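Several structures are given next for inspection.
You will see two complexes here that share chain A, one where it goes with chain B and one where it goes with chain C.
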Partner chain A sequence: MAVEQPMSAPVTRPGDQTRIHNIGYRTYDGPRLGRAYARRSLYSQSLRGAYGLGRSVKSKVLPMLLFVVMCVPAAIMVAVAVATKAKDLPVDYTRYAIIMQGVISLYVASQAPQSVSRDLRFKTVPLYFSRPIETADYVRAKYAALASAMFVLTAAPLLVLYVGALLAKLDFADQTKGFAQGLVSVALLSLLFAGIGLVIAAVTPRRGFGIAAVIAVLVISYGAVSTLQAIADAQNNTGAIPWIGLFSPVTLIDGVQTAFLGATSAAPGAVGPGTGEGVVYVLVLLGLIAVAYGLLLRRYKKVGL
Partner chain B sequence: MARVTTVEDVTVIATESLSKRFPRVTALDRLSVDVGPGVTGLVGANGAGKSTLIKILLGLSPATEGRAEVLGLDVATEGAAIRERVGYMPEHDCLPPDVSATEFVVHMARMSGLPPTAARERTADTLRHVGLYEERYRPIGGYSTGMKQRVKLAQALVHDPQLVFLDEPTNGLDPVGRDEMLGLIRRIHTDFGISVLVTSHLLGELERTCDHVVVIDGGKLLRSSSTTDFTQTTTTLAIEVTDSDEHPDGTRAVRDALHARGLQTEDGTGLPGAGHVLLLTAQGEETYDLVRDVIADLGLGLVRMEQRRHHISEVFRDDEQRDGQRKEAVGHGS
Partner chain C sequence: MYDPTVARLTYRALLGRRRALILGALPLLLIVIAVVVRALTGADDQTAVNVLGGFALATMVPIIGVIAGTGAIGPEIDDGSVVYLLSKPLKRPTIILTKLIVAIAVTMVFSAVPTLIAGLILNGNGQQIAVAYTVAALVASIAYAALFLLLGTVSRHAVVFGLVYALVWEALFGSLVPGARTLSIQQWSLAVAHKVAGGDLVTSDVGLPTATVLLVLVTVLATWYAGQKLRALTLAGEE
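Showing the complex of A and B:
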């Protein structure tokens, strides 16, 4: 730490106390907390920013609105389940995010560019890298922040469902297991979606392009995959359905949770991958997350100063 | 209240045959230079290698060959430690328009490792020192260029570095803003005790602010000397006067009167209003008085009398004339 300089005590002469507006330059001899602290600060600032906290009122509207839209259906389901004394929740914990994928896609499309395109557009990135943090710190902080923000978005309605289920006195062990499986599923979904969103957004300093590109990638891939799956189903080619599902983020998550997290597949005919195919799903999922991280690192190595 | 950094014989920056080659350009070519504490100007035309040098000194870009030390730390291996003790103000815009100066500088202070409370205190102090008061709570988007430059400077100083790199800090400022910025840069050293490396393509503005000037061109060191060496040869005054009925060509009248007093003048060829501008070399305080008296005696109005801002190309030309070693004229533009 740079503390070679002796503590420079302010020169106090009689009469100086009244002139507080010109106290001269004071050196800083306190702690410098280094890279890990800077990374944590960037993480919390970005996480708050993903919900518009610490930003203008205007930028709070969309993320907050999407958050509410995510939670309202869960609250309604709970209300129905409690009122009708149902034996089970109308929707599985693992299915909820699949149903709400439109809202999740909108959220990542709007917040990923917010997180990284601004720094590129206003050329703030060099200011970060002229400080102790390095490319990897920046990428990790930004990635972790968006993934956490998405986890909050996707896990909150599951929590509503879980609390509601307990209030409705549904089977505790059963509900807890389902809730835990749901949490693992949305954690993976958050990592995957945040990675895809950030990689696309980090390419362009234009926020509008970023938003459009993220939506396009998520919607087009899902549309194409589900169309192909429907065709395969119509031709009774059920063996192909799980393999096609590898090619879009949502169906990938659906496949992983069908194979390992006790979910029922949302694919046509409810044909999900078995355990063997499931391993491929998990590998592809982890591979994609790693590739997204790697691409971000490469991108920011180039941006530099 | 300035701390004591100015220990004799301390080297703040030292490079030793530092080279940086890109596939098609050589940005730095065996540059060896030592920079001591104080305000040092780094002068060169655009593309002379100034920014490349700063990047290497921040430990962000490896040198192709040679070595460099900043504050006694090796740039190749101790980049993070250097960046903790050094501030950097980029040449380009780097401020998000939708946050206030306070929020932005606090964030940047935390990025430099300052704990939250210290970050807020230092931000308030630093913004006041660079001359931003009430406006610091407003979004940066509404600031003037001069105010933005101050915010950029504040984020480079907020963590109380031992050295700051200022890349073209006067770019885009009007003459008044330029002078204020230069005064501020001077204070960074004299009042804050922070050493400064400031780049510019205008030698004139640096020679008044800096203790030492390093001139590079094409990645090579042209000259490294204390500013007194430069000023002795380059304090040129530009004078412009009105005409009167008695002296229809006021400029000529002044020139003749000055010649009569034994002062050499030149026409301001190439300057705006050439033909009406006289250039002369100031020998000292008395030259200003003499010019004033001559013009007053002739009953003419003095439109302006100012120190000429020199382009680095003129330094090269002087060198050529002096020792006739440089065969080619270097860099006319900036």
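Showing the complex of A and C:
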């Protein structure tokens, strides 16, 4: 607005009055925080966002509720173990996540679209890439943030169990070993679930649809696999049970921890993979994580333009 | 009470592009499982009940109901384009009823038809099992579509709440707390299936009269209340 121009003066020769004022804009020549800082910020913001921190009250409700729902059964188990002076916890560290898989699935289904779909829906992704970060930085930050959030969700109840077990004066070495095995297992689970959730959410920007798609993949595959396993068990075809288990994320984790992390399989008849089949399980698991990362990179190569 | 234009728009919103893919993938998976199971074990009544009851009715029908029920109205309210629909000289209950009919039809086509096909593959409709579960899927489709359509008008996170109901309430609580099964659409539809199949293979925790009354009640009340919600709809911004 040309406020400086006196209103009373009649504009007779507009050509003479146009000129460029130097009003003192200066370029920034201080230190720049760079790519690593931007990546770190994106990571921490995404991680906070996964629990609704820094967002509206409404969006805090669901993740916090799911977190509480994850931890309450662990607290109850500890209370029971302390009160009854049990020799062992009622549930193995490695089994806890398998029991609570519904809650974990809901969490990843609600938070993965929250993390990536909104950027795609409102077409803000190119704005990220106008900063000094690359496609790989964005993908890595988002992946790491969701995996960390899921690790917090799945490891917190294990910590409750562990602290409770120590307070109940259960065997220290035994409990520590179980706790460590449980942590490795939920770390793998977090990486796998976060990868699957992000890939699906990144191709379904519409609200609600991403959630349904993630849940459908996780729950339907588990439902299909456990139905087939139950039938194989009923037919005494126990050799087939471990191989069927390869086809759903939850049973995949279950197989890996049965083979290498001293867990008892949750499959019907407690038939888990042996060491040989376990190697296949680990390869499939790592392959899936790598494929998820690769697909995300490919997706963002396209939408980042 | 039925408007063909609204119906056509809803069909296109529901079956357009990727939605049709996910809706089609689930029934396809059911049929593939049915073929695999049949090849592995041969025709067996108990196996058929396990697959149809455990996978088709317990998992597939609710998820398709959530996608179709909330998808019929949720995205429109979400992006605000519902105001163009509401500003037309149509009664709000008419809009809801039309969308409900479309959602029911889509849920039925994508859940009951594959259930019937899977049942026929599994044991060739021995002991009326395939027909019983198809009837159950048909009945459940109506109630799920009405309930989730209501959720779509009430909340912006309708899909999450729908899934929480279907997976946590019906599956988790239903298996732990027997009382929760009385308030579960799945059990009500199983009661109808029990009547059709006759034998002891298909069982339900709810009697047929109770189930019928509750099914009708839920459907009618949900539809009526969704119409009321649409009459006084507030559009809100993102988060």
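Assume the second predicted complex is superposed on the first by the 276 of 305 C-alpha atoms of A that agree within 3 Å, B and C clash if a C-alpha of one lies under 4 Å from a C-alpha of the other, contacts with A are read in each partner's own complex, and residues count from 1 in each chain.
As a working rule, contacts are C-beta pairs under 8 Å (C-beta built on N, C-alpha and C of every residue); 3 or more make two chains touch, one makes a residue touch a chain.
Since this is a predicted model, take the numbers as computed values, not measurements.
Going by the contact rule set out at the top, does A:Gly274 touch chain B (first), chain C (second), both, or neither?
Neither partner.
Just to be sure I read the superposition right, which of the two partners does A:Gln45 touch: chain B = first, chain C = second, or both, or neither?
After superposing on A, A:Gln45 lies in contact with chain B but is clear of chain C.
Between chain B and chain C, whom does A:Gln235 touch in the aligned arrangement: first, second, both, or neither?
second
Once the structures are superposed on A, label A:Ala212 by its partner contacts, choosing first (chain B), second (chain C), both or neither.
In the superposition, A:Ala212 contacts chain C only.
Now for A:Pro126: first (chain B), second (chain C), both, or neither, which partner does it touch?
first
Please work out whether A:Gly34 is in contact with chain B alone, chain C alone, both, or neither, and reply first, second, both or neither.
first
For A:Arg55 in the superposed arrangement: first (chain B), second (chain C), both or neither?
both
Quick one: is A:Ile220 in contact with chain B, with chain C, with both, or with neither? Answer first, second, both or neither.
A:Ile220 contacts chain C only, not chain B.
List the residues of chain A that touch chain B in one complex and chain C in the other.
Shared contact residues on chain A: 55-56, 59, 118, 122.
Would you pull the chain B residues touching chain A in the complex into a rising list?
1-5, 51, 54-55, 58, 60-61, 80-81, 83-88, 90, 92-99, 103, 107-108, 110-115, 118, 122, 125, 129, 139, 155, 159-160, 162, 191-193
Which bits of chain A are touching chain B when the two form their complex?
Spelled out, the residues of chain A in touch with chain B are 1-2, 5-6, 8, 10-11, 24-28, 30-35, 37-38, 41-42, 45, 54-56, 59, 118-119, 122-124, 126-134, 304-305.
Any idea which chain C residues touch chain A in the complex?
On the chain C side, the touching residues are 18-19, 22, 26, 29, 33, 36-37, 40-41, 46-47, 50-51, 54-55, 58-60, 63, 66-67, 70-71, 74-75, 78, 156-160, 163-164, 167-168, 171-172, 238-239.
List the residues on chain A that touch chain C in their complex, please.
Where chain A meets chain C, its residues are 55-56, 58-59, 62, 102-103, 105-106, 109-110, 118, 122, 203-204, 206-209, 211-213, 215-216, 219-220, 223-224, 226-228, 230-232, 234-235, 237, 240.
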